[in-house]
Amino acid sequence: MFGAFRPTNPLSGGLLWKIPWRLSKFQKARQRKRLRAVDSLVATLDKALTKQSITTKAVERWKEEMPIEQEMVPKDKYTIFDRKEKKYRKSIRKLPKWTRVSQRVNPPGY
Amino acid sequence: MSYFRITLTRSGIGMPKRTQGVLKALGLRHRMTTVFYPVTPEVAGQIMRVKELVTVQEVDKPLTKSEVRAERRPDPGFYLESAAPRG
Amino acid sequence: MLSRTIRRSILDSRIPTSALPPTFLLPNRARYFNSTVQHVDAPSESLDASLLATNTSAEAPETVAPVRRPIRPKVPLPPAPISSPMALDASVKEMLPLLAAQPSHYISAHIHAKPYLVTAGDTVRLPFHMPGVVPGDILRLNRASSLGSRDYTLKGTPYLDERVFECRARVMGTEAEPMRTKEKKKRRNRRINTVKSKHKFTILKIAEIKINSLEDIEGSGESV
Amino acid sequence: MKRLRLERWSGQLLTARSIPARTRPCCLRQQQQAALPPRIRFSSSAAMLSDDLILEDGEELEEESSPSDTKYPSPPLEAAFNSSKLAALHARLNLSPKLPLQTMARTLVDPSADSNADFNNAALSSLGGSIMSYHVSEWLLCTYPRLPMTVLFAASYAYSGPKTLQLVGKEWGVETAAAPGEEVDPGHLQFSKLKPGQALQSQGGSIRPDSKSYYRRGMSSRVVYDDEFGDTVSKQAEHDVPLPTEHAYASFVKAVVGSVYLHSGSAAAKTFVKNHILSRYLQIASLFQFREPVRELSRLCAREGFEYPVARILSETGRRSRHPVYVVGIFSGKDKLGEGAGPSLGEARTRACVHALKAWYLYSPGANVRVPSDMEVAGAQEWEPVHIDMGEVIH
Amino acid sequence: MVVQGIRKATVGQNGVGAFILQCKRLDFHYCDWAGSSKGMNSFLRNSLTKFAALNPQVEITVSPRPRRHPVIRGTYINGREKAICVRNLTKEQVLQKAELLRDANGEKLRKVTKPVKSINESVRGVWSPYHDGGIHV
């Protein structure tokens, strides 16, 4: 009805705080932004270290195992594996401190 | 000899004690503090531990605290054109 | 008393004549009254040392005073005129005269990176007390992010070139806020600590917003 | 023309004439010589004159008159030196040191306080008044060339009329003295105040040749015969008639402008008027009062050769409700002259016409347009003629 | 009947053209006996002349007020007065209070929420429902 002005889902003001099961488009955008920030940080670290021709296990391991944001499937960006869910996936907001913790890989096939 | 310019952009409150320990070791006490460390594997590992909380740049020389503050101080935006006789 | 005179002499001796403020900054009307009002001492003393930019990196004073970092003047002094020629692109060249011809203008001047949307004749109460200014001083606001009139707006990235416009503000004085008291009390503790605060704020009056004509801008670009 | 030092000039005049010839019946006064200290001169001259002083009401002046007995209407010139109010006023207006404090004191003495022309501000205020009205009207004519004559009079009244000059005087921090007298601090504005209930005396006939009451004072005749506000100029203003406060303040402010001109030259007077009078805030558009805007607009379009203006409804809402709103535009051929909104069609059209007429009358080449007096500055650029308008519409 | 002009007065904008300091008079009251007036007395003896010379536009009067605390009273152009009791203050603090009174503008202190105060009309014009369509419901 309001055309372009679709309101985001507000936490209703009363005692019942309804939390939607999926992220809003703004939260998704910020999540992508954070993922890209971590990627660029790892890239600068790696560039600096290779300049000194030294390596670090942590950086190397991250580069092998973890995909960068562009390679990730949206499912992996916004949801994580949960054995108790119907489709074995739940929203990433259920992960404590999800904005300050990296969680990129999920069991394959789910 | 290049340096890492590490700035804490997200606070470590509520993070695990080990992560907060790394921040303490790096000297990043509160948000927007900037520290300079030479490029060594140890520092790189520490940064990888707190990679979600900090931003890193590679600079060639470290700046002192006052130089960092002078860098961040905005231009006042005015200057005294004509002064009245003053006390 | 003694320490103060020594410090005073150090300050005086270290001010090389070249660092004295340019003549136009000295009060232009030194008033010597022949009437009963006391004789006004020479203007150069009235600008005390703290106002001048004394970067003492060059020559260390004889008495080994720790070379402190240069004293930043309380009020910013006029910057050196920009020598790089003014690069005006076509749209600005075409629309700036139209903007200047319109009757009223506004400017979003940035003081300490805070924007103040003002027109000529407005009163601005800054949220801080500006040190080192006396009522009657004229300040030039040279950082503005946007300058516009009814139909046109000139936007700067992030700031406009200061040669395009001239914005002068007059320091009117300092005003205070009514006394605010904050009562601090913890539960189950009868002691109440009241904190009083009464901040002072500087008041400016925007005297003039002038948009330079194209010739002035180009002229000032090359000739400098 | 070397400007004579004012006090020396006035001093010489006084010594030449022992007693001022103009003595008025009701109170006989003598002017003491300004330069010499009154104390010494006073006693000898009083003795010499006391025998032939016969006051109107027959009271003989035999006993030796004590120094404080003879009353001067205005404070002596030395008082100007030790009056801190006057020095403060002088510094507050940022006047140049060339302007002596005696002139400052003189500008504060109104003719109604001291009728002696050497000690009141009549001369200075008439000089300053003409300078101020010149600069104001010049700026108004160049900034708004198409302003109708009546609105031009109203605008110059708004900028340099007595009401505004009273505000200016008050903003300078000048207070009025309760009554004129010798002991008054020279920093106060001295004039004889109207007693409550005292009728404003009519200032005698006007100097207009056709000053019969039934003649119509047309607009063009006002330009010739009346003052810069379009009011009639009174024939011979009585000096010491008590007058309203705003006239006293007005003549004081004009006198200051005159004294600035006298001592610092015309450029200083121009910047003084520009800083104190022309820097004030006035919405010129609020000075208009139209009687029949529709007819006036049509006559204007006819004169200018535009197509006949036609009113068209642009949008409307609530035609059947209690608060209809019609937005009417006035079109002359293709382009829209003005627009107005109103509760009825007629009123909307009238507002649109008013809007169109104001847009026409308030044409302005820009705020900082060059005025003729800019040419007095040495090395001024070539003068480009300013837009002169034919004048307002006559209908 | 041609257009008529309405007679009005203009509104002063102190500071746009000429600047008039709002404080026009400072009265310094002191007491020779009271100990609280020691700072004020030393101020009057030492630094008042310099203060007066630097602010010629302020009329300064000094008068004794025996058996009272010393006070500085400022009179302003808008007719209001501000008084500050300078009891037991040193001469530098008294000078600060005098400068505070000199810089003030005599208005009543009030909480100000927005930094910019203007009497000019809006430069880009105010939205009106009657023009360019208003709300499309």
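Order as written gives the chain letters A, B, C, D and E; numbering starts at 1 within each chain.
In this section, contacts are C-beta pairs under 8 Å (C-beta built on N, C-alpha and C of every residue); 3 or more make two chains touch, one makes a residue touch a chain.
These numbers come from a predicted model, not from an experiment.
Apart from chain D, which is left out here, the chains connect through touching into one piece.
Chain centres here are means of the Cα atoms, and by that rule the chain farthest away from chain B is D.
With chains reduced to the mean position of their C-alpha atoms, the one farthest from chain A is D. Highest C-beta contact pair count among chain pairs: D-E.
Averaging C-alpha coordinates per chain places the centre of chain B 44 Å away from that of chain E. Taking the mean of the C-alpha atoms as each chain's centre, chain A and chain D sit 76 Å apart. Here the spacing of chain C and chain D, counted between their Cα centres, is 37 Å. Once the centre of each chain is set as its mean CA position, chain A and chain B turn out to be 26 Å apart. Shown for chain C are the residues that touch two or more other chains, namely 31, 33, 37, 40, 46, 121, 134-136. Under the contact definition stated at the top, the residues of chain D that touch 2 or more other chains are 84, 87, 91, 94, 281. Chain contacts: chain B has residues 85-87 touching two or more partner chains. Of all residues in chain C, those touching chain D in their complex are 29, 31-37, 100-101, 103, 121, 210.
Listing the residues of chain D that touch chain C in their complex gives 81-82, 84, 87, 91, 94, 96-97, 101, 281, 364, 366-368. Here chain A touches chain B in the complex through residues 34, 37-38, 41-42, 44-45, 47-49, 51-52, 54-59, 62, 97, 99-102, going by the rule given at the top. Residue ranges on chain E touching chain C, taken from their complex, read 13-17, 19, 21-22, 49-50, 52-54, 56, 100, 102-105, 107, 109-112, 115-121, 123-125.
Looking at the complex, you find that chain E touches chain D at residues 1-14, 16-21, 24-25, 56-61, 77, 119-121, 128, 130-131.
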